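Note that chain A is present in both complexes that follow, paired respectively with chain B and with chain C.
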Partner chain A sequence: MSGPRKPRGLTVYAIAYLIFLYAPIILLPMFAFNASTIIAFPLQGFTTEWFVRLTGVQALHTAVRTSLFIAVVSAILATILGMCAARAGTRYEFPGKGGILGLIMLPLVLPEIIVAVSLLVVVVQILQFPLSAWTVIMAHTLICTPFCIAILNSSFQNLDASLEEAAIDLGESRWNAFRLVTLPLVTPGIIASLLISFTISLDEFIIAFFLTGSEPTLPVYIWGLLRFPQQLPVVMALGTILVALSILLLIVAEYFRRRGVRRAGKTETGGFL
Partner chain B sequence: MSSDKALISLRDVDKFYGDYHALRDVSLDIFPGEFFSLLGPSGCGKTTLLRTIAGFEDVSSGTLSIGGQDMAGVAANRRPTNMVFQSYAIFPHLTVAENVGFGLRRSNYSRGERHARVSDALEMVGLGGYGKRAAHALSGGQRQRVALARALILKPKVLLLDEPLSALDKKLREQMQVELIRLQRQVGITFVLVTHDQEEALIMSDRIAVMFEGRIAQLEEPEALYQRPGSRQVAEFIGVMNFLGAHVISNEGNALELDVAGLGHAVIGRDQCPGGPVSGMCHVGIRPETMTLLFEDRGDGPVADGVVDEVVYYGDMTYYDIKLDGVPKPITLSMKNMIGRPVLDIGTRTKVGWDPRALVAFS
Partner chain C sequence: MGEVFWVGGRVAVRHLDRDSRRGLLLVSPTAIYAILLLAVPLSAVVLFSFWTQDFLTVDRTLTLANYREAIAEPLFRVLMLRSLTISAVVTAVTVILAFPVAYYVSFHVRPDRKALWIFLITIPFWTSYLVRVFLWKVILGFNGVLNTSLQGIGLIDEPLTFILYNANAVVITLAHAFAPFAILPIFVSLEKIDRSLLEASMDLGENRVTTFLRVTLPLAMPGVVAAVLIVFIPTVGDYVTPRLVGGPDGLMIANMIQTQFLRLNNAPMGATLAIIAMALVTVVSLIFVGLNRRYLRGQKR
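So, the complex of A and B:
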């Protein structure tokens, strides 16, 4: 069997696209290991100095801790909200269902700067909350939830509705049926959702920049460093670590999502990777 | 109706999904130990009725009682019923033994007792030794058996089965039909089976409720249902029935004198009008196997003349479409194939022997 000839133009386009997308990310580790404070070619030699220097900065450690705290809490909150929405969307019929679910997915396409500014207005002007890690958590939960819904929808949709009914029929309560049958089957989806929203929160800059209080998150801290040119290689080193970590988390998340789909005995129905 | 002896009793049950009237005025009694079938075309409300009994759907009006106890407000997990789902609903993350033993989680049995009961249940459905297998790796027939064992292990008063055999191939389905009958006799539990396959219902059931559009059209034992269907609709749904125009000549005492198109003069009993009294113009139904092609021998019953219009050879049987003289629409009759009995060609003139006792008349 021979398929139709691939159009040349598309191949060129795809390669150009990939270079455009990933070249900056490849430059990151190149300069992170470059033995010069100036970010320019030609490269000067190999060093791990910038990574070593990272370990000595106290403010950086605080920023990492803040970011981790925000990312963990946001991931848990967004996943719980995502589970509720995914279950409601796949199991129940209610008036205005399509519209409501569309509305929940909206933050996915809104410009982050708009979300950030309007949240700032709401939090500071209307609710009069002091800015803190919790305001960032609120905002991150908001932007992570659509991703969680997308992932968990595929997990819940793949479940046969009669599985839970069978458990109830065999004497279990509604909650136990959910706990004993549905939960184990969607666990891979839940893990994937936690990892994705954790990654999003950890990497997010604009909203954190607007809503953070006295303790900056890691991306906000990095932004602050950029004012000092001699710190640039350190930033590159930090960026390298973050990119590696994000890619790793994304792969693990997708692995769990696929495993979930397989476990429910169904074939692939989309996803992120 | 002796509803005091009934195990399941429905009275004037209606069910609405929004505006859609899914069950219409359903009243029926199912007795202990019975193999009861709900038979009807797709979308007629069989699953809805079964799920109502199981407690997954509320009735919109009317009452349902099981074992003399009103089931209003009794949740599905508190009812003495267990269900075999159409999709089998085998828990894919558990082993076969864990699936079968699922309902025992809430019992007070020791681990050893539980294990023994799971083994017994698996043995009963012919899956002895399969306990450690992963449930998602089973074949369709094996899943069906696991679902049966899982439901029966709780010794329910009623086992509800929603088209349990429809996903199996023909051979396996026929084998499972026999096994289900044997199993039901062995455990003595009341079975309520949903099916759209009239043959399956006739083979397996003690009694059959035929449903159309949310209504019970007829509730009978298989033989009576087949021989004396209560309406044309039921007659056409169950097996094959030929219909011929007729008119009533006289109507005296217990006998009805008819003139039937293509067949001629016939006298039938009043019990041959199961759909109620007939008069004037009417329809007469006759099953294919109650008629015979007369080759050289002339039977002693009444005879009609016709021409062979179509021949379908089935191996053990041959189905003929015959155009009776004076009737434009051919009727179907079936003949058992025997050594020395020829299969007629299309266009052959032939004589058809028939029996007035096999007729049913509808107005």
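So, the complex of A and C:
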């Protein structure tokens, strides 16, 4: 440690950097409540008109329902797949481990357009299936799984393996030992993983843009609105709701993630990744 | 799932110990999913890149025609080169701006506050990408937040026009979007540094600057490399940012890939461009990793 002395320059820089990070998110609600159709300063007064308008658009409601459905199913599938891989990776040694886990984690660095294009080729050109919410779910499960593994890894890693072994020695079956001993200890990690993958799926645009058929997701619907300048205040209102919802989910996810870490008796400073 | 495995390798299985078998069995659902939805589709893209679009049908004779056309066509070359350049600049800007923040959080924030800082840094990353990018358009525009504010306080007379609908705007927006990606790996590698090494260096007569350059930085390099790769690779394929803030001179290769697939109905050409882009990204990444190895070896001597 370079001592308790805080270099003032670095502190100012770090705070300025946080402001840069938050600039768009802070501006968003300002324009969402602004009584002008033009998105610019100076602000013209307060209105909730744009939020009221959101309630009357049927296409938007359909898009929200599609997005919620996709996000819920993807989150559940990705968390189940993530649990299998995270437990296998933290508990067992097996041949080809690095390669297998590498392939599973690959979507983390792959440009999303590559994932989108490769699934589009298989589904449309080769299998000739119609695009639907399910094609988006397939892809979202794929890209969410690495994030779930990253979160669940820390849950499983912190576990004391002897707890489960003790249960087996005392006569429980392997499955019961997992269900009764391990599962309760990793539950916070599972909840964090569900919430994070739900958020990723809800916000994801490019894959949904390529793979939705006639049922647009919420981001795809917003993309369509961006072309119409008179719709922009409504987009700002919608964006505000979306960002508020994401932040809320993240705070809950972070709460559970930390509780999981504490339950395993560790202190840890890392974030989700 | 067990059956799949047993049929596949009865002989191989017999001399694996019980833990290996359990591990493989447990990882198999996820592995099979990744093979079916990632490895197989990626192979299909490679195959497609050797086929050609023949009006409405795909001609399945293997040929290099797409690659020849992709290399010969000046537009594709310009887009490919621009994508790599923009990504390289974005990566440099993002990592250089992010390093001091990661350093600050790791070395100068109270241990019980670190998790909060990291959480604050990651929040913007998880909120709607589309909405964030669009807001940069609002900030950087001719009548945007930045120009009206700067004019308001009298710093400029005419709105700045070099910050929207060009490559600069793409760089600013992507550097913002990928900031947490750069901060987290650097932070993790800084956290792993044994603080007593730094004290030892100071005791041996190095000052703060030389300690940083000769101890901290080389030890943080794995995190920096991870940050570079995790920013560089996805940004080459970014679609939304060039489309929204790039204007005609800021478009990148992903925009052309999308055009080939969804507008021109030329999936094989789209596949070819995707493969070339990924191949170039891989080559650049490998060169970078190689250069870093040499740098670290030089440090040890």
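Keep this in mind: the second predicted complex is superposed on the first by the 255 of 273 C-alpha atoms of A that agree within 3 Å, B and C clash if a C-alpha of one lies under 4 Å from a C-alpha of the other, contacts with A are read in each partner's own complex, and residues count from 1 in each chain.
Operating definition for what follows: a contact is a pair of C-beta atoms (placed from the backbone, for glycine too) under 8 Å apart; a residue touches a chain by one contact, two chains touch by 3 or more.
The model shown is predicted, which means the values in this text are computed figures rather than measured ones.
Steric overlap between chain B and chain C is absent once the structures are superposed on chain A; the two fit side by side. Once the two complexes are overlaid on the shared chain, A:L21 sits against chain C while remaining clear of chain B. Superposing both complexes on chain A places the Cα centres of chain B and chain C at an angle of 90° as seen from the Cα centre of chain A, in steps of 10. Look at A:F147: by the touch rule set out above, it reaches neither chain B nor chain C. Within the superposed three-chain model, A:F33 lies out of touch with both chain B and chain C [touch as defined at top]. Between chain B and chain C, C touches the greater number of residues of chain A.
Legend: residue contacts after superposition of the two complexes on their common chain; A:L163 is shown touching chain B, with no touch to chain C.
Shared-chain residue A:W50: touches no atom of chain B or chain C. Using the contact criterion defined above for the overlaid structures, shared-chain residue A:P184 touches chain B, although it does not reach chain C. In the superposed model, A:Y221 makes contact with neither chain B nor chain C.
Contact with chain C, but none with chain B, is seen for A:L250 once the two complexes are overlaid on the shared chain. Here's the short version: in the overlay, chain B gets within 7 Å of chain C at its closest Cα pair. Touched by chain B in one complex and by chain C in the other is not one residue of chain A. Chain A contributes residues 160, 162-163, 165-173, 181, 184-185, 263-265 to its touches with chain B in the complex.
In the complex of the two chains, the chain B residues touching chain A come out as 54, 56, 75-77, 81-83, 85-87, 89, 91-93, 102-103, 105-106, 136, 150-151, 154.
Partner chain C is touched in their complex by these residues of chain A: 1-2, 6-7, 10-11, 13-14, 17-18, 20-25, 27-28, 31, 38-42, 80-82, 84-85, 87-89, 91-95, 97, 100-101, 103-104, 106-115, 117-122, 125-126, 138-139, 141-142, 145, 196, 199-200, 203-206, 210, 219, 222-223, 226, 235, 239, 242-243, 246-247, 250, 254, 258, 268-273. Within the complex, the chain C residues that touch chain A are 16, 19-24, 26-31, 33-35, 37-42, 44-45, 48, 58, 97, 100-101, 103-105, 107-108, 111, 114-115, 118-124, 126-132, 134-136, 138-139, 141, 143-145, 148-149, 152, 176, 179-180, 184-185, 187-188, 191, 195, 198, 208, 229-230, 233-240, 244, 254, 257-258, 261-262, 267, 270-271, 274, 278.
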